[in-house]
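Labels run A, B, C and D following the written order; every chain starts at residue 1.
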Amino acid sequence: MMTKTRWVGKPLKRKEDPRLIQGLAHYVDDLALPGLRYAAIVRSPHAHARILGIRFAAALESPGVVAVLTGEDIRGKLGMVPVAADLPELKVPPHPPLALDKVRYVGEPVAVVVGDSRYRARDAAELVEVDYEPLPAVTNPEKALEKNSPLVHEQFKTNQACLWKLEGGFPDKAFKQAHRIVRQRFTNQRLIPVAMEPRGVVAQYDAGEELLTVWSSTQIPHLLRTQIAAMLGVPEMRVRVIAPEVGGGFGSKLNVYGEEALVAHLAMKLGRPVKWIESRRENFLSTIHGRDQINEVEVAVKRDGTLLALRCRIVADLGAYHQLLTPAIPTLTGLLLLGAYKIPAVKIEYVGVFTNKMATDAYRGAGRPEATFLIERMMDLVAMELKQDPAEIRLKNFPQPKDFPYATPTGVIYDSGDYAAALKKALAQVGYKKLRQEQKRLWKQGRYLGVGLSSYVEICAMGPSSQMPAGGWESATVRIEPTGKVTVLTGSSPHGQGQETSFAQLVAEELGLTPDDVIVIHGDTKAVPYGIGTFGSRATAVGGTAVYLSLQKLKQKLTRMAAHLLGVAPEQVVIGEGELFVKGKPRQAKKFLEVVQAAYVAKTLPPGFEPGLEATSFFEPSNFTFPFGTHVCVVEVERETGDVHIRRYVAVDDCGRVINPLLVDGQVHGGIVQSIGQALFEEAVYDENGQLVTGELMDYAIPRAWDVPRFETSRTVTPSPVNPMGVKGVGEAGTIGATPAVVNAVVDALRPLGIRDIAMPLKRERLWELFQKKRAR
Amino acid sequence: MKIQGNQTITAPREKVFRVLVDPQAIARLLPGCEELEPAGADTYDVKLKLGIAALSGSYQGTVKLAEQRPPERLRLEVTSRGPWGFADGAGTLELEEKKGKTLVHYAGEVKVGGMIASIGQRLLEGAARLVIGQFFKNLEKEASA
Amino acid sequence: MIPRGFDYFSPQTLEEALALVAEHGAEAKLLAGGHSLLPMMKLRLAAPGVLIDLGRISDLRAIREEGEQIVIGAMTTHAEIEKSGLLRRRAPLLAEAAAEIGDVQVRNRGTLGGALAHADPAADYPAAVLALDAELTLVSQRGTRTVAAQDFFVDLLTTALEPGEILTEIRFAADGPRTGSAYLKLHQPASGFAIVGVATRVQLDSKGKCEATAVGVTGVAPKAYRATQVERALKGKALNERIIAQAAGKAAAGVEPLSDLHASARYRKAMAEVFTRRALALALERARRRQ
Amino acid sequence: MAIRIAVKVNGRAQVHDVEPRLLLVHYLRDVLSLTGTHVGCETSLCGACTVLLDGQAVKSCTLLAVQADGADITTIEGLARDGQLHPVQEGFWEEHGLQCGYCTPGMILAGVALLNENPNPSEADIRRAIAGNLCRCTGYQHIVNAIQSAARKLKQKSRKKS
């Protein structure tokens, strides 16, 4: 455990920023290669249809066009889009990069046109004519489970893709003994991730070296490399994947998409580099969506508010095909469903359903925001039914600090926590008691003030390999160069999280250097040892720990080397600022650079000492980490319009030890705003024919600067015992914690109307309708 | 999108019905119809210029008089396909005699797909109203002539 | 993301532009600020064969006074209207509406004429232009004609502009004494378009009673309209909260409101009432200040 | 039909023959290789493509290159002068006003345009001025802080000058 804090814990300016704020960074679309060709993809306008024929002669004759490919051209040549999730009896339909015979969602790729400019490729794509025989589509997952529903994949004779059950304790018995059972049905609506940079791929094949290079806007370069190699049928060492600057991911780039293999295939086939850049419209239609669950929840409680058991049925709309982790996401909902509370028994049934929609998959929080929403809404409903204060009911059911590690009946072990401390801190900051008084006063005046709490816990730092489809460890190589500067190679693949800075802080702290002495390299499979990637709030807690472990190995070598030069025992050597010295004798020192050079020139080495200063570690976490906190949202709802004004937002988060508080605040702010988006604005709406009617930013509202307030953030610090630095991770906390705080606040505001729940998003009209109904009564 | 409404045409019911099933008249009734060719029983291939103002494009499609019960009921099915997707409509027209005039009750559903469905959402209803308005204006002109 | 190809002309004078419009007919579209047209062209929902860019005709870009009239050239940008000292002083309604359009970048390029000629059912200007009883000048090689705002908006995206005509300017009377105006809007959260936008003008007589009001409503119906029943209900009355509220109840009388994903017809109707009431109250307050 | 345009971009004169349909953003990115200006949507709603055209913030994806003929354009690459970051750039760096960086060039230029016009913006003014620029990472608070910090710096600078 670290005790010094010369760099760790400091709000250091980011090392990645100078290139980003000067327009000098390179995203995929910024790549210019000689002879570059551009791909445009023809997509299905139908949600479900048979392909009768494709006519593309006109496209092929269009100026500048070099190739047109359809599903038939890649049949048998290009493998299926992979799914890594594994559940018992999971139905896995074939998922070709270009549709074969049938299309199953609007936006499914049907053909690809390659031209010598993006303009000409786009022109030619318009000339491809596809004859479709439209088939009935199904877009409602509950209807899809009915007997007479159209089938998305006929071969399965059902639209049920999987059934997963989880039971712990004695739930049925608890329900029999309960004083009261509180029930509610919820919908966690479908969301669209909308990373500001749409997806993009460039591929180049060097026939001489037999090397395929793929630049992709991805969160997982190594996994992508393995999968592309498999889809193309080439050995993995012939493929290099580079994730250049990536403009946001939020899980939407934690995937392997058909286009990535398709563009690689085209580059090999044409002998020219090929670029494909997604339009925003394509991004809406055919990059993964998030959430989309229907939940029936019931909670058994004692009269005093003690929780006894929870039962939940999850119907998850998986869309038409599996992407990388599609069916696994709702299982995370199951694991986290008991939230921050001691609930001794649980029973969960999750049904995954195929529909004629884009696949859902990991979107920021991935299954955990759904869980937190359910449990935090239920806590408010329990409080409401028992006429108790929502803060009190939470405090009553939290595990106490002495209970940690705390094993839940869902089978996970919460590592550390003091949930009451965070809640109390948040209440104090927001002035909870006064707010309740003000609320009563305003209600009498016909004004609707509401206070919403969310005491969340989340599962992050994904995760132990036993729980992860493709392994859950992370790699890091740290190399002290002969100049005394440090190169870090990390398997994490950040895309905005700032690990070039936080890892540099870590190195500087441990080696007595400054962050300017450190460069962090990521996202290139040729440079970096095999890694897993950045998602699931894992970069710091897993990737950072790998760096930390490599640093410990190097520190040992450095002290041995210094001891050898100083003629003392290694235990007597201490690493100071830019030097190593003898404990208690600071003047008996060797410059850091001198020690490093001695290790490289290797003229005199301690016995058995390997020359050089490079160490690689693969950190395998023993458990997830479990950040937690309490968010409080204060809203006022305008009676006449249904408009929600967020008056205050207080967040107390505990992500364990903090390496850079500036970065933590940034993650929390961004997460909260995405949550506010889900609570108030965002919803991917498919009509009953399977058309995505919120198919652009014109109709899908992500929050703008004027839609959100200033946030009041603070922290408690409960180190994690899972890793030596005690860090937990914070990338998804805001998104996991905040949605129910907003919804609880709005429902709380409208208590005088006698309502208990409102479906998300809490659009103005929806709230206005509630006021109208009340008036009509 | 569901559509329904009523429209009075100042012509007797038989006349209105005749116009509605006359291929040459149909070509003049359908807003933006540029060509109409027979293609089997009660079915016609059409070229349509659909849309409003700058937002119009050429569509190819079919018109089918799916059900005819002279002079009171008619079912029309229209399909069209263009570079931005498709627009298909099906609906019934019920003709009611009203003192020498005809009250037309219409009800139907329009399905659109592709670009129009995901971009033009907020304009769809207004556009449908505009096209229906044009249709009835044309019908009035044809039937009362 | 990429428009289809077209031929491009950028006339320097109105005469040149009129000749080009006459020559190219229906195939040509006029390019003003381009903030309605270019997005549609990029999505290929619009694909004109010829674009005639009015951006180089400097005569069309001005805000001036002609006696008691304000005259604004069609190529004046939203930002210029929003920030015009003259308008803020003498007829702030249009400036207030301009400030509500889109965002800074859109206001820097979008133009009054372009927006009016596009006649989007949820655009902000039409409500204000109606409430101002503005007159629009339409010029073609055949001559010049003046059309009242009331007659200019014909239907969804459809105006009184005939082939070959260019909207060159709009004019309206500056506010007299005891006159106040207001534009209030309920934004659609994604696009920023008006779900409902209400532009009002209230003119008081020397005794403080309502001499006349004008209420323009956008976003509710396929085209912007004047809420004439509201106006009639207020004429000659000593205005107060209750009377305004009663009159505002007729804000959507006689119109069949649109429904879409963002607002049902019912909600649009109700919001037309709420925003009419609020805008009238604000305009009244401002009128009283100018007494 | 190619049309000759002459523009000044980041202080340097440029003359090119372009197709009329070429969007200004593609002219900057593909013809001039100034890839700091980004494309995030096709409906003029995200603001990632914001540049300064004759000093005003505009969305370069909703302008034809031919419309910009004769204009003076500043892109993110041209904001720093003589190796010295613009105060708004500094603000974004110091206040952690960016994460993935994709919206950042447009956001910075929107901030520059605001401060050119209004050196003392309130928080509401700032939020209104950047309402045409979407950011999915930061939650906007640090961006607001960045522009506030730049405003303070610019004021100090002008005080020093006078």
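Note that a residue touches a chain if its C-beta (ideal position, glycine included) is under 8 Å from a C-beta of that chain, and two chains touch if they have at least 3 such contacts.
For clarity, every value in this text was computed on a predicted model and none was experimentally measured.
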| item | value |
| --- | --- |
| Chain pair, most C-beta pairs within the contact cut-off | A-D |
| Inter-chain centre distance, chain C versus chain D - centres from mean C-alpha coordinates, in Å | 29 |
| Gap in Å, rounded to a whole number, between the CA centres of chain C and chain A | 44 |
| Rounded Å distance between chain B and chain C, as computed from the means of their C-alpha atoms | 32 |
| Shared interface positions of chain A, touching two or more other chains | 118-119, 126, 279-281, 693-694, 696-699, 702, 704 |
| Chain C residues counted as touching two or more neighbouring chains | 1-2, 4-5, 43-44, 188, 190-191, 261-262 |
| Contacts with 2+ other chains: residues of chain D | 19, 21, 39, 42-43, 45, 128, 131, 133 |
| All touching chain pairs, where touch follows the definition stated at the start | A-B, A-C, A-D, B-C, C-D |
| Residue numbers on chain D that touch chain C, as the complex places them | 1, 3, 19-21, 23, 39, 42-45, 47, 50, 53, 56-59, 61-64, 66-67, 69, 110, 113-114, 128-129, 131-133 |
| Residue numbers on chain C that touch chain D, as the complex places them | 1-8, 10, 31, 34-35, 38-39, 42-43, 51, 53, 55, 79, 102-106, 108-109, 190-192 |
| Touching residues (chain side chain A, partner chain B) in the complex | 45-47, 106, 126, 281, 284-285, 687, 689, 691-696, 698-699 |
| Residue numbers on chain A that touch chain D, as the complex places them | 11, 13-14, 16-18, 20-27, 29-30, 32, 118-119, 194-198, 245-250, 279-281, 495-498, 662-663, 665-666, 668-674, 696-698, 702, 704-706, 708, 710-711, 734 |
| Chain A - residues contacting chain C, complex | 118-119, 122-123, 126, 279-281, 640-641, 681, 685, 693-694, 697-702, 704, 707, 763-765, 768-769, 772 |
